[in-house]
Structure formats: C-alpha cells, structure tokens
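Next, two complexes with chain A in common: one pairs it with chain B, the other with chain C.
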Partner chain A sequence: MSESLPPSLATGGSVPPGPDDRTPLARTADDGGHGTAAQAAAGTGRTGRRGLLHGGVGRNLGLVVALVALCVVGVVTGGDRFASLDNVMTILRLAAVIGVLSIGMTFVITGGGIDLSVGSVLGLASIWASTVATQTMAEDVHWVVMVLTALAVGTAAGLVNGVLIAYGKVVAFIATLAMMVAARGLAEMIANRQTQIVDVDTFLDAVRGDVLGIPKIVWVFVLVAVAGWLLLNRTTFGRRTLAVGGNPEAARLAGIKVRRHTMYLYALAGLTAGIAAVMMLGRTGSGSSTHGMLYELDAIAAVVVGGTLLAGGRGTIIGTVLGVVLFSTLTNVFIINNLSTSAQSVAKGVIIVAAVLLQQRLAARSRGA
Partner chain B sequence: MSAHRSGPRRRLVQAGAIAAGLTLLVGCTSNAPAEEDDSSQEQDDGATSANDDSGDTVTIGFSAPAADHGWMGAITSSARAEAEKYDDVELLVAEGTNDVNLQISQVEQFINDGVDAIVLLPFDGAALTDVATRAMEEGIVVVNVDREFSSPFAARTTILGDNYGMGVSAGTYICEQLGGDEDAVVAEIAGIDSLPLTQDRSQGFADALSDCGLEVENRVAADFTVQGGQAAAANLLQAAPQIDALWNHDDDQGVGVLAAIEEAGRDEFIMVGGAGSRSVMESIQAGDSVLQATVIYPSTQAADGIRLARLIAQDKALSDLVEVEVPRTIQLYAPVVTADNVEQYLPTAFE
Partner chain C sequence: MVDDDTRGTAPAGPATTPATTGALLEMQGIVKHFPGAKALDGVDLDVRPGEVHCLLGQNGAGKSTLIKVLAGAHRPDAGTITWEGRPLALDEPVQSLRAGIATMYQELDVVDGLTIAENVFLGHELARGGFTQRSGAAARTRELLARLGHGDLPPNREVGRLSAAEKQVVSMARALSHDARLIVMDEPSAVLDSGEVENLFRVVRQLTSDGVAVVYISHRLEEIRRIGDRITVLKDGRTVATGLPVASTATADLIRLMTGRSVEQVFPARATVASDAPVLLEVDALALQGVFADVSFEVRAGEVVGLAGLVGSGRSEILETVYGARRATSGRVLVAGRALPAGSVAAAVRAGIGLAPEERKSQGLLLDEPVYRNVTLSTFARYARGSLLDERGERRVAREQIEALDVRPADPERHARTLSGGNQQKVMLARWLVHGCRVLLLDEPTRGVDVGARAEIYTLVQRLAAAGNAVVVVSSEIEEVLALSHRVLVVADGRIVHQGPADSIDEHAVLDLVMEGSAA
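Moving on to the complex of A and B:
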C-alpha cells in the first residue's frame, strides 16, 4: 500500500469527494454512537449491518410501492393479459440478463467505482463462447466448455479493468470506457462482425427451458442475487466493499488491502457479465458482438434506482433486484398498452431522477439527524 | 385502433369501466401521431378480388427494431397505416428496440396474448429464431420481414428485400453511365459492415461492376446515420482526389454524404443512392446535384407483411397467383430510380 493514497485514487476516483462521502460515516455514528470509519472498515459487523438494513428498508419500501403501483396500472389497463403467470415469467425473463449484470454492478458501485464495460464484455464473452473452435470443443468434450469460456472471458476482462484502475491508477470511468470500446471491437474482430449461431444442442438444452415451471435463466438470476446478497451482507468481503467505497483511506488504515479489493470488485463484475453472456447465448441461440449493447446503462440505472449510493459506501442487492424488476415491468406494461419505446425511455429517465432526488433527500435527513 | 383488446375480463367487471376510460385515454395519447400521419403509403391496389372483403378479425402483433433511421421509421408507420385500412385487422405494436433480449420478450408477450399472427422484423434474425419457432409451435402465423431467421421452422412466410440485387442494380446502372470506361474510379460508401445486408449489397455491387470490367477502388463503411455518412464521405473524398462514380448504400446516411461532398466542393462524379428516401428522390427530380439515381429497398415490406399475415390467418391466398396458398418466400425487387421514373416511386419513398 502506498503511504498517502488519496481516497479518490484508491477506488479509481470516478467520484469526486462530495458531501455524500460523509454519509456512511454519519450513519454509522448514528447507529452505534461511537462508530468510526476504522471500525466500520474492520467490520464492527452489527452496527454496520444494522445501518445498512435501516437505511435500506425505507428505500426498498418506496420501490415496492412503485412496483405495486405499476402492477395496478398493468392490471387496470391490461387485465388478464398483464395478470397472468405467463406474463410474470415474461417480465422475469426480460429482467434476468440485466439483473445478473446489475448484481455485479452493485458491488462495483458500492465499492466507489463504476463499470461501463459490462455490456461490451457480455458481447465479447458471447462471441468467444460461440466461436467454431469453442463449439467444436463443446461438442467433443462437454457443453460446460462454452459456459466456462464465457465466464473466463468475462472475469479476465474484469481483471484487466481492475488492474488498470487499482494498480494503474486509471480513473474507473476512463478505464472501463476503454474496455467498453475495445471489448466490442475485439468481439467484432473475432466474429468477423457476424452473428454466430449456437449449434451445440446439449448446451441449448441445458440453458433453455424451465425447472419447476420457472425458466432457467430466472433461476440463474435468483441464484446470483442470493449469492450477491450473502456476499455483500454476510461476509468480510462485503463489509470490506462497503468500507472501501465509504472511505478508502479509513479502510486502508484499518488494514484492508484497498487496491487488491478494488481489483476483485471489477473481476466480479466481469464474472457476472460472463454469466449474463451464457444466459444471452441460451436465450438468443446465438453469439453476437451487438449483444448487451447499452446494458451497462440499464444496469447502472437499476442499481441507482435500487438505492445503492453512486458515491459508494452503501449498497443493497434487494434494492437492485427491485430496480431491475421495476424497469422490466415498466417495459411490459408499455408493450401491453401499445405505447412507444420513446415514451418508455422518458418514463425511465423520470424514474431515475426521482430515485436520485429521493436518495439525496434521505441522505440529507440522515446527516441532519 | 385502441390499445385495448376485448379479452375475457370477468374477474374485473367493476374495474372494467375505469379500465376502459384509462385505456382509452392512454390509447388516444399513443395513437395521436399515427392518426395524423399523412401517410404517403397509398398504393395502387392492382387487381381487385375478394381478398379485401372483411373477414374474421385477425389480431396481429408487430415488432421491429428501433426507428432510429428513416427507413425503419417508415417500416412501422407503413405497417400501422396498412392495418388501419382493414377493419378486420387489430394491430398490436410493440415498438422498436435494438435489444434482442427485449424483442424476444415482446414476442413472448404476443404469444401470451394469443395473437393470430406476428409480423416480425427482427433486429437479429438468428437471435429471434428460437422465440419465433415457439410462436409457430403455438399455431401463430409468423411473417418474417427483411432479416431472415436462421431456421425454416420459424416463419410461415418470409418477405425479403433484395440486398444483393440492390448492389447489382447500382453496379449495372453505373456501368451504363460510365459507358465502358475501364479506367473509371468507382467508390462505395457502405452501411454497417457487420450486417449481412451490407455484405450482400457490396457483393452484388462488386459482381455487377466486374461484369463491365470495373472494380471498387475506394470503399468505406459508415453506420446508416447522417453523421456517420458525413465522416465516412469526408475521409473517402480526401483519399480519392478523382472519382467517376460513387454508390452510397443508404439515403439516410446520404444526407451526410452529400454534405461532405458539398463541403469538399466536388462535382466531377455521379452518385447513386440506396433505399429510396423522399429527399433523395426530390433531388433526383430537381437534378441539381451529383445525385442522379437511387436504388429502392422497399420500406413498405412490413406493410406487405401485415397484408400477408391477414390473408394467411383468414385462409386466403394471393389473388394474382394461381396457388391455393400464400407463397413461402417473397423477394422484392430493387429498381433504379432516375429522373425519368421518379414520379412513380415518390409515393412510397420514406421520409
């Protein structure tokens, strides 16, 4: 560790130190009375976690209310077309791919960073896992080869991001922007800019279809979300993530290897992009360099709407899941009502702004308390 | 055309009145632009037959990529306009998206809704094949427009433009205009290179040129946008100080291409456009620029898709063919529009 690493550099510095930086500290102090960043960093577990839940419940409640309101609109305008099990599954299937990306994004943002490359990395992983070479190998050996390829490519791309940001001291926004452009380009080069059709039936059988009446990709989303929740809320890794995002300098003083941890966070985001690529391969039966176009923005939107602080230091997996489901329900209701995607984009924008305004108000209140 | 379908709603009798009111409100708002659409898609219907007589109501789901391009915008608006001509067609439009994940979801919603037919212009044919196949298995008539699925089981009928033919038409026209000058410099500004349609167009162009001993000397790819066309053309003109003929694949990006040509003050060559936009046809008509011709890529093919879907769902056939059934594949022609015949094509030009 360097001696006096400025906080903004340690986490990639995508976020200028602003008033929000104080929020995690302020809240920890509220909860425990004597909480310090160092204690939070070392994982004074109980107080930190209680603070998270305390802050999360109200915000999640808002999201639940919004979701319920949206569902009411759906039922009123769509009737049985909206309120059917088939339609619920359609909503969840739509949510699943971006949902998985958003879980990884939650970690990166909670850790005070940002990852603009996940959509492109998804595309790259989908291409790499569906090249003739990979598919031939999958036919000969096992379909898992394709899955492992996608996961490896995603994780490797994430690691490159992480190394650049943590050790190369490249600002996260720029490093991942570069990866976003480069990964898309590499995908186009490998695929020769063509859509690669997946012919490995064993793979398609394995990733398509339902288990217990629920589509497999929805199961994957659920599993990733549960794993993410456990990782963030029940492990040292999660507490370190909060500490690094909240106040990297304090985290460093508390003995956390901030740079290594930051690197892990981006690798994790890459891994989720790899998982999402596998889901996309199954859903579309093809790998394409256009897969995942602009998904990074959808993921960031879902994470922010979910209540994760863009400045880092606070994150909520449940909020992220609700955010993702909120957006995909919105899309569904719009389609049912024959409304244009342009209007939908406007609605999305309004929701994002409303969520951030709410977030700021709550943050201000917790400072004032 | 209301957004609201008369589905069973027994459980919601009470909410029904409110629902209808709200839906009407929402529906009206959404349809306002479509209604005031001074559609230029009126076509001469040709032979009269019983096909246009009102039959069983057909619910058609329609989905296409985002209208981020004039041609694509016209695809959706002409499909809407066509559906409105028939009182037995109820059109559900899931509006444009370039996200295959979302488009799959739209088709899944149509399947849930139990529509009679789906007219689908997929963002990526291969990616939508699985869900289209599922729709077919549910007994829904799937009409594939423009970008082909990767499996023959995924659609009942496919309507295709002729991308290769566009290249051939453009190349043949340029061959005629250059009159056997084998040293002529021919340039090409392509669309998005990753799309098979661009590869087909370029292949057709190259094949037609080689027929008269020419080849493409300078080729750049743009991205179907005005700014992309401007940037690509500026670079191309810089690289090629002397050009005799230029084919630009797409009239939307052509706006940018023309801007770049004007900026460079070049007029020593003839230019041929592609797709057939209104502005390009008007400047061909005016004859005051390097633009002398354009090759049509019909933006009314989704409207054809709506008609065919209706016919198939009503067990009718094409009245001008002897066949009992609607054909499996229909490929459209790519005519060259010049000052001589532009009048004929202006009505179907896209904005």
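Moving on to the complex of A and C:
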C-alpha cells in the first residue's frame, strides 16, 4: 500500500495512481445497517454541550476506549513497528484526506442532509486542477492557481447540490447521488480516462513535506478540524446548522433562512472536497478521475460512528475526528500484521457496531447518574 | 366467562352485565415506580358499566401511567386490579385486550399505509389457515363504522387519506372490534374541532347506552361537564378524590383538587384598550387562493383580537399568512403602518411579529436543545459579536425571561423536551419578548396545557397586552377566545362572517355563525 510507505518514497513525483491508491478504508463494505444503530446511540446520548470535556471527551468516551484498545492491540502485535513516531505519522497521513471530507460531511449531516458526492467531486477537482497545470499553461502556472481551481470546482459542485436540494426541493440523497455519478463522468471526459501527472514543482513543494516534523497534509487536517469545531460550536453559522437540522420548521418560523443555510452547508462540503483534492494531488502527484472513489462512504461512517445524529440536529467534530483516526489506526494495525483487506473489512463492520453499542451503554449510564 | 373467543362470531353487542351497580373495574392502591421517580403512589379507581368516568389531573399527575397500566403496557409494582369481581393480572397488552379493555391513545395509533379495515383488525386479523379474510373484515368493519355513525367510510380506504377526526373513528372501531367493555380515551377531543366533538359525544353516549364503560381524559372541563358521569382526580400520582358526581361538583373545587391551590378566576380581567392606541397590525384584504379571501382587520397596541372558527375554516392559515409563512395571493399586511413583503417570515420577524405556532413541538421548539437556545433562536445572531456566539449573554437574557414568565423548572440548560406544555409555551413567548416583538400571534396557545397552567398563560396574555403589545389569538375553544379577547372575528369557510366586541356575543351565537358559514 502506498499509504504505508515512508514519505520519501511517496514524494517521488510520478507514483502511478490507480485503484491501489485509495486507502484500504475505502473498501469498507459494511455500510448497510450501522447508520440506524449509531443514530439510536446518538439519540439516547447525553446532549449537554457545556464544555470541551463534557461535550468532547465525555460524550466520546466509547470511541476513546475503542481507540485505546486498538492501540494496545497494535503495540502487542506490532511492537515498535506500531509504536513509533513514523508510524503515528503514517496513520495521520492516512486519516487526513478522509478527515477533511468528514468535517464537511459532519456539517451536512448535522444540518439534516447527506452528501454522497464528495468523493467524486474530489476526483473532479483533482482533474480540473491538474488540467490547469498540465495542459493550458504548462510550467508557468502558479501553484496558488491550482489550489484555487480545486477549491472553486469543489465549492461550485457543492453549490449545485445545495441549490438543487434547497431551492429545487430534490431529496438530498438523490441530488448528491446524481452529482456523484455526473462528477465522476465529467472527470473522465476531461481527463480522457487518463491519469494526469502533476510536475509543477512549486505546487508539489508547497503541499508536500513537513512542518515542525509533521506532514503538511496532517496540518491541513488539523486546521480544518479546528476551524470546523469553532464554526460548529462558536458561531451563528453553527447554531443555524443545529437549528436547521434539529427542526427546520421551527427554524423557519423563528426567522432563519433555512433554504439559504442548507445551500451553504452543501457548498461547505464541496469546499472540503476541494481541499481534499489538493491534498490528494500532493500526495499522489497526479490528478485522476478515480481519486476519492467511495470516500463518501468512509466519511459518512466516520461521522456517524463519531456520534453525529444521522437525522440531524446534533453534531460533534471531535467525534468525527476520533472516528476517522479510529478507522485509519485499524487499517494500520492490519497492514502491520500483514492481514488481508477482506478480514479488515469484517473487522471494520464489527468495530462500527461495537463502538456504537459501547457509546450507547456509556450514554445510558451517564444519564442515569 | 365473557371473552374466551371474541373473534368473528361474537354477538352483535357486548354482553350486558346483570343489573347491578357493582363496579366493572376496580383498581386499588396501584403503585408504579420508574427509575428515579414514583409515577403512581397509591391510585384508586372504580368504573361502573355504562358510565363515562372522567380522569382529571395536571400533566405529570399520573394519568398516562395509569392508563398504560390499564392497557397492560406497564406492570404495576403494587396494588390490586379487580375486573367484574375477579382479580385480573395485566402483564401484557394482550391480557388487557382479552379482558375487554381497549385504549385509544392521544397520538393516534393508526398505520397510515393500511386500509381502514386492516387497521381495525390490526393484530387480530380475521384469518383462516393463514390467509386473511378480506371480505369478512370489510363487512365487520362496515358494521362497526355504521355503529359509530360513519357508515359512509369505505373500509378499503387508506387511512393516510383520512382527517384526524376520521382516524379517531378508526381507532374507536378498533376498540369495538375487540368487543371492549371498557374503552379508555386519552384526550380524544384534542385533535377535533367543535363540530367533530359533537359527533364524538354522540358516539360515546351510544356506547354507554350499550353498557360499555368509558374512561375519559380531557383538559377541557366544559367537556367533562357535558359528557361525564363521575370524576376521579389525580394529583402527584395519588387519587385525591374519586367518584365525584359531575353534576354536583363545582369547577372551582375541581381546580383546587387538581392544583392544590385555589384559582380565583381562570380568566383574568381584561384591561381596557385606549381609544387612541396606535394600530400596530393592519391586515388589508388579505387572500390566499382556495383557503381564505378578503380578510381585513386591525389590532391596536394593548388589544387582544380573537379568531374563532372550526378547524379548516382558515383561521390558522390566516395567522400563518400574516406571518409570511404562506405567501398571500393578494392583500397587504402592515406593521406600524409599514407594508411587509409577502411570504417572508424573516421580514415579518424583523418588523416585530412573533408566532407561537399550533404545534409547539414540531413547529416551534428544538426539543433536544437547552431552553436558553430555544429562547434565543431568533436573536442569537443579534447577541453574537460578528459571527461569534455570545452564549453567556444568551444565557443571561434567557434567565431574565425565565424569571419574568415564571418558567419552571427555572433552568436555562434544561432541554425543551423535558418541560410541560405550559412551560414550553412560555419559552415560545420568551423568544418573541427577547426579540422585542410587539405583535404576537398565538395559535391555540393552551393546546396540551393543563388547567393550572392555562390560567397562567391567560394571565400572561393579558399582561403582554397591557404592556402595549398587539395580540392575535386563534383557538378551537370558543369560550377561551371570548374570555381572552377584546374583539372577536368569526371565521367560516375562509371568510370573516362577524367582527365585533367579545362582550356583545356569546358562545352559542358564535357557534351558530360558524355552522351557518360552513353550511353555506
């Protein structure tokens, strides 16, 4: 797996992308039933949001316990290969792209919606940005132009979703399903089904490498997560998101512009898909219409396991981050132990159910106390 | 032995008990604990065949728990239940149904996607060898519907297409299909308007004349006066009075028993409106195609205007259109002389109109959010610095309102879901007071609010008016509209058929106008 390679190899410039490049996380084949279970867990969950400890660690105790247990398994089976700084960075790098998507997804789901298109939009944005780099202006292109292109494409696709859902009254599942299919197709048309190698050095230099010993894409994930936490918990935008997801009619009758806000939420998810596209371009050194395949399911799984209510009205960024890290740690433990990806998928299904059940029990206990 | 086999071959009417005044049902010393709370703490109830026994009590008094015990949904921790002189164990709902006790829950428990007949026989389908007998079920359903005065409803109609009143008839037909000897009705009139309540009463009288006993739960004392025979009052999980004859018990006594304090007057006096008070709300020839037309009225500062009419007459729609939640097809709404753009709630709110909607839970509140966020739902952006929330400021202003309106418990962190109906209504009012609204639209302000808290809401409405606000009240209870308002508009079939001072018209006159209008 390219993910487990040390960064020095991954930055070689022309690593062929392809099916191998998607993270093993993307192979989770168990998205059938955990949504409702997690929903039930969140539904009975403690909902006080009086402080970081209370709202964050307290409510996510189940996830923290699962993560610690997984780390114990990692240390026992992998020893130093697991418990090394290099490996921690590997895990975080693995988590970063899906993590950024998951932050946007947390907003959409908290706002009462769903976005199935983020993976495809990621692919489209990567193709668009790499086309700018490889065809139009070749070497002259400034790396900022590439970044802005990816962000603009992602946001625009999100806006289309938002307008269709908020003003066209198309069900979110259908509208984003259509975008998922169409964006992937458009990416294939533009790229002629070819992988587009990015050899703009300024771009690769800008998005690759470390800052303070930590890979830049991990920094991006951290920044997006912190910004997302602030946005959800400390701003009027976040409050509107909770209101719109919790009771759209009450929000409307209180004078909140529900449709406009809904549109913003999908645009935000599109923006995170654009950011993720930039990260992907940097990591793989190429744009590809297969980038981000099935990432939307991983993002949804992470968000829901994290404790965000699938029905809307309640969301947790910290839970989402823990959910993403939990899944990438799981993948890492399996790779270290040379276990098959099929066994990994089974384990993922079990973990999803176990994390949710544990959360349910803990929530019930803390409520009874 | 009455109910060994009640399916299909049961006699047309329920067997009547021998002519005794002996109790059909006797419950003694019923106790039910829930983790952390004692819901029932010694409840006694005796019901005679053929009577309407009313169960009164404030929210939280234990009525719902008691009827769940009767339905076999909760197993009591202590106490005895005697049915026709023999002890009865109610551990499961099916035992209760077999004995002949049927329950009609407050939230209608019918399945929208099934037909009337399928709903009536849900759980005890007429079947032979595993195949449902549709024609048999349809025939039986038709009989039951005819008995309930709704022979016109086709048994194969999908329940989702029925009105709330018709769904209730289905629910009642289901109770009868079990050959119930005792039917528990939990606030059956809550979803009905005056005309439909009449039909309900007719059905109840017919049931009792057949010897069926009815346990009737309602917050509306005037209904109990009309339909009830005896009353049992619950307070804090205990029976405080049982077997009170309806005819000879004064309303004031009932209120005192329920609340534990005397309510001097349920309806507080209205302050007079100054003749030079400015007009705050002006509605000019407002129309919504197919719903109402040509609606014009004014509300002055300090004035309460009531809209009376049947469900479906357009009264709630008028309120919602004034508020911009529906886009008027023509006409204007002016606040303090300035016209509002049509169909914009945000503009109405900005201009100072606040709506306390009919369905507080589904249209008004964020049930799983704390009270303070519900109070500031339309103002949090105003308290924010830039777009950063000021939660401390929000909590402070919510606490002020909680004190001013006496919301109980006085905790801004409590989730709205845990509050009683009356306190939820106060939270809605607090929202608009924080906003500085001067025009308050109240749609069914006391629906789901118990008697003690109703008086508080009434006092609050008068206080708000006296403070110079303009208030518009819509209510199905004509008595309430007449007592609260300075001026009454009677709405029938989407038109205002009468407009005048509340003192110059009485309940009967309003009803006449309403009926006439809908007949036309």
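General observations
Everything that follows uses one rule, which is that the second predicted complex is superposed on the first by the 286 of 369 C-alpha atoms of A that agree within 3 Å, B and C clash if a C-alpha of one lies under 4 Å from a C-alpha of the other, contacts with A are read in each partner's own complex, and residues count from 1 in each chain.
Here, a residue touches a chain if its C-beta (ideal position, glycine included) is under 8 Å from a C-beta of that chain, and two chains touch if they have at least 3 such contacts.
This one's a predicted model, so the numbers in the text were calculated from it and none came from an experiment.
Superposition model on chain A: chain B and chain C are shown accommodated side by side without a clash. When the two complexes are overlaid on their common chain A, residue A:Arg239 makes contact with chain C while staying clear of chain B.
When the two complexes are overlaid on their common chain A, residue A:Met280 makes contact with chain B while staying clear of chain C. Shared-chain residue A:Asn338: touches chain B; no touch with chain C. When chain B and chain C are set side by side, the one touching more residues of chain A is B. In the superposition on chain A, contact is made by A:Gly79 with chain B only, not with chain C. Within the superposed three-chain model, A:Thr131 lies out of touch with both chain B and chain C [touch as defined at top]. Superposed on chain A, the gap between chain B and chain C at their nearest CA atoms measures out to 36 angstrom in whole units. Residues of chain A that lie in the contact sets of both chain B and chain C are absent, per the superposition on chain A. Those residues of chain A that touch chain C in the shared complex are 47-48, 50, 234-239, 242-243, 246-247, 249-257, 313-314, 368.
For chain B in complex with chain A, the residues that touch the partner chain are 3-5, 7-9, 11-12, 15, 18-19, 22-23, 26-27, 30-31, 66, 92-102, 104-106, 108-109, 111-113, 123-130, 150, 193-196.
Those residues of chain A that touch chain B in the complex are listed here as 75-77, 79-81, 84, 86-87, 90, 93-94, 97-98, 188, 193-195, 197, 208, 280, 283-286, 288-291, 293-295, 328, 331-332, 335-343. Those residues of chain C that touch chain A in the complex are listed here as 35-36, 323, 325, 345-346, 348-350, 355, 357, 362-370, 373, 377-378, 380-381, 384, 387-389, 413, 415, 431.
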